[in-house]
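Shown next, in structure tokens, is the structure this report addresses.
Read from first to last, the chains carry the letters A, B, C and D; within each, the first residue is number 1.
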């Protein structure tokens, strides 16, 4: 019974304060939009950095005296290391061909040179799923102890840069994200507070004619739930559409084909929608509490 | 004691101090029997509204104990207050209507908080609004009513849920003589049906020729 | 014509229709001479407040012309309205006080909008507040006053800037007999100094034994 | 006189509505903070891309038969092209040394090869101040018509990427920036509207006792000015401090020494502060207009 009345009152309330409702929903949506774009940006940045990092392979140069026959066994040994995604063998001849290609027009310098003068090598890719910078270091260290190996190369400088970069961005992103979250919660709560302020006479009168707290707050909380839901759904829709649009733009350019723009995982989206609802309901509950004392 | 049972409102040594230098009520003791109709009078600022406010817990007493309809007001928790207010109909001196809502909505409020069915609400609201002569303005917004019309809406809202106690704070200040008489008749009728009424007014004509008890406040003290 | 000059308020065939079915005033014609003190009476909802509202341009007439203190109300632009209102002191039926502001601030408002100096404002506010018996509550917030106290603040604010015209809408509805008499004396005094006063009330006692002109509205029409 | 009263009223108003004032200033500050961080980010991104682009030089390979004596004249001719920042000559010998260095351990392949087999070249840097992608194309096209030149190379692929990238980011940034601007204006205006709503009785009463519009709106506009100024100054201060902090972090890492984090130019900051004030004043003026009709 009381639930029915609350529902009815919430509906008539929404109808009567349509502008305010729309305003609050818009404020929620805009705040969430910012939060979502920010999350999307940081998520894609991390994705991109990891993608980049996972492409940084390790190159293992073998000693020239390693016999051709032991290559398959070596290949197998490397493949069996933990967290290896792929291993590619480059023979001396392949290396020579690569050098030739690099020299291009001037490849006549290589005429008469032994095609085996470059050492054979393995190129190793760390598994993306388990990628991290430490893992690269570990694998590299391990490999350099093998007796068949003459030299292990990996993008030392790149990895250092990546480390500093992800440290910095992580700090900046966590800071900015927190700021954004606080902003959003604050703006939404303030908007709701001001809306309840504008209706404090109404709340006072309801109290005075004997309405229970449930009867008074119920419709407001229902409205808050609806505002939080509608606002964040609207924002999610806009961000999703934008992502799709940008992705279609990117995929038209051959140069950016490999760049993948990912939408937020479902868990993020759900967290944002849930958070939006919680912020709205909490903001409403807190703003109303002061009116329910006497 | 049987005796206490029949006193529906009982104040014992009640004082109310709003600020240090402002003592609105000073050691007021008063008993109102079930079914009584008493007038509360006194000059402007003498504490009439304050006394009424204490009875429906809009203010808490600084000292003393108050019992209303079996409830001890001083120990009432905020969540118990609504129960008290459903048993006490209040006609506020400043009306306290929802300006942007219609007359119907304003009056229906008292019934909706009780969880009554829509059909029942509608019937009882129409009845009481007709009684105060506003049936033609049922769908008009409260803010668009004349002062006297607003006052009658306030009266209708206070009595529509047939509370056992009615506190009327200057309910005829904005009404002409004919309307005032109608309101008095309504009050008499409710009282005849057993409602206890405390009626604050400074319009002496209303109680000049009455046999009712008249309580007089002056400077926050009961006189005579 | 000299004649028109002496009529400080002149309504000609004025009608006011709020909604289609609601005709609050119907072809009202009225002249009030400079220095006159007239009573406006009639039952609740008869259009008294509406008539006053037209005079200080809180509402626009649907038909007819209104002249107040030489100004044609129907052609007044929004930016000219303040000039009219400074010459017309209004005691509102619902007081219209700034609840969170002190008595002093509320009364001072009328003078501040004129750009008066602080010292002058202070002097005149104290004087008039003492006159309505509230000097002890000068720094109390309006919302913390009793109904009658609020009404007296509203009266003080309306007269403090000594306007040539005073429109009083039910200014004694919340006052006891003694306070009412004080207010009537104040009005008489202002009138004696040349202020034109239109006094809306349904308290017949106020004009029972008076030689003043009494205008009666019924259903939006002037009677007798 | 009236100015004095307005000022006095504004002051007493601020004192009486301190919480609301602080709230509005905080909302303004937070909104501006977002706007500023966003502006800072996009400004630095553009700065970084331009920096990167301006480092993309043009390499002009000369024909082998060009005599050594004509080099200074050519150098002069190239330097005199419009928008050239620097020109560097690499002789055949220098080029050979570079190749040797690249081959590192395996440089024995070059033994006996003529040190002049690589062509001499000029490396050209386009002036940063006038840098744009079109300019690189133009210069390259012009140079390739010269009779001494055998081949002109410039980061074709890089430039194409850069173009697509800056096109995309420009679109995204303009879109996001507009969104942010609208959000900010909207949130601030809505906050102010709700604040005036809560005080509409007061406005109505002022009108009724004969206050002019100037008298009524004056203090509110003054407050709005103050809110806009205080909010945006607060935000600017925070962003400035953050930039300094990040810059100091970056400069500690040798690898990022060359990465320069620039604070917004004065004109941007002034625009944001001015914009904040304008938004606050406009929002207030619009919210108040409705109360000044009768």
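To be clear about the criterion, a contact is a pair of C-beta atoms (placed from the backbone, for glycine too) under 8 Å apart; a residue touches a chain by one contact, two chains touch by 3 or more.
Predicted model only: the values in this text are computed from it and were never measured.
Among the remaining chains, not one touches chain A and also chain D. Centroids built from CA atoms put chain C at 30 Å from chain B. As a whole-number value, the distance joining the C-alpha centres of chain A and chain B reads 62 Å.
Each chain gets one centre point, the mean of its Cα atoms, and the points for chain A and chain C are 67 Å apart. Chain contacts here close into one cycle, and each chain has exactly two touching partners.
Taken together, the chains touch in the following pairs: A-B, A-D, B-C, C-D.
Within the complex formed with chain D, the chain C residues making contact are 56-60, 78-79, 81-86, 90, 92, 96-100, 109-110, 112-115, 157. Contact residues on chain A toward chain B in their complex (touch as defined above): 1-2, 5, 9, 16, 201-202, 204-213, 215, 292-294.
Of all residues in chain A, only 23, 26-27, 30-31, 33-34, 37, 99, 103, 106, 108-110, 113, 117-118, 157, 160-161, 164, 168, 172, 175-176, 179-180, 182-183, 186-187, 190-191, 193-195, 197-198, 242, 246, 249-250, 253, 255-256 touch chain D in the complex they form. Chain C contributes residues 18, 22, 41-45, 48-50, 93-94, 140, 144-149, 151-152, 169-170, 173-179, 202, 204 to its touches with chain B in the complex.
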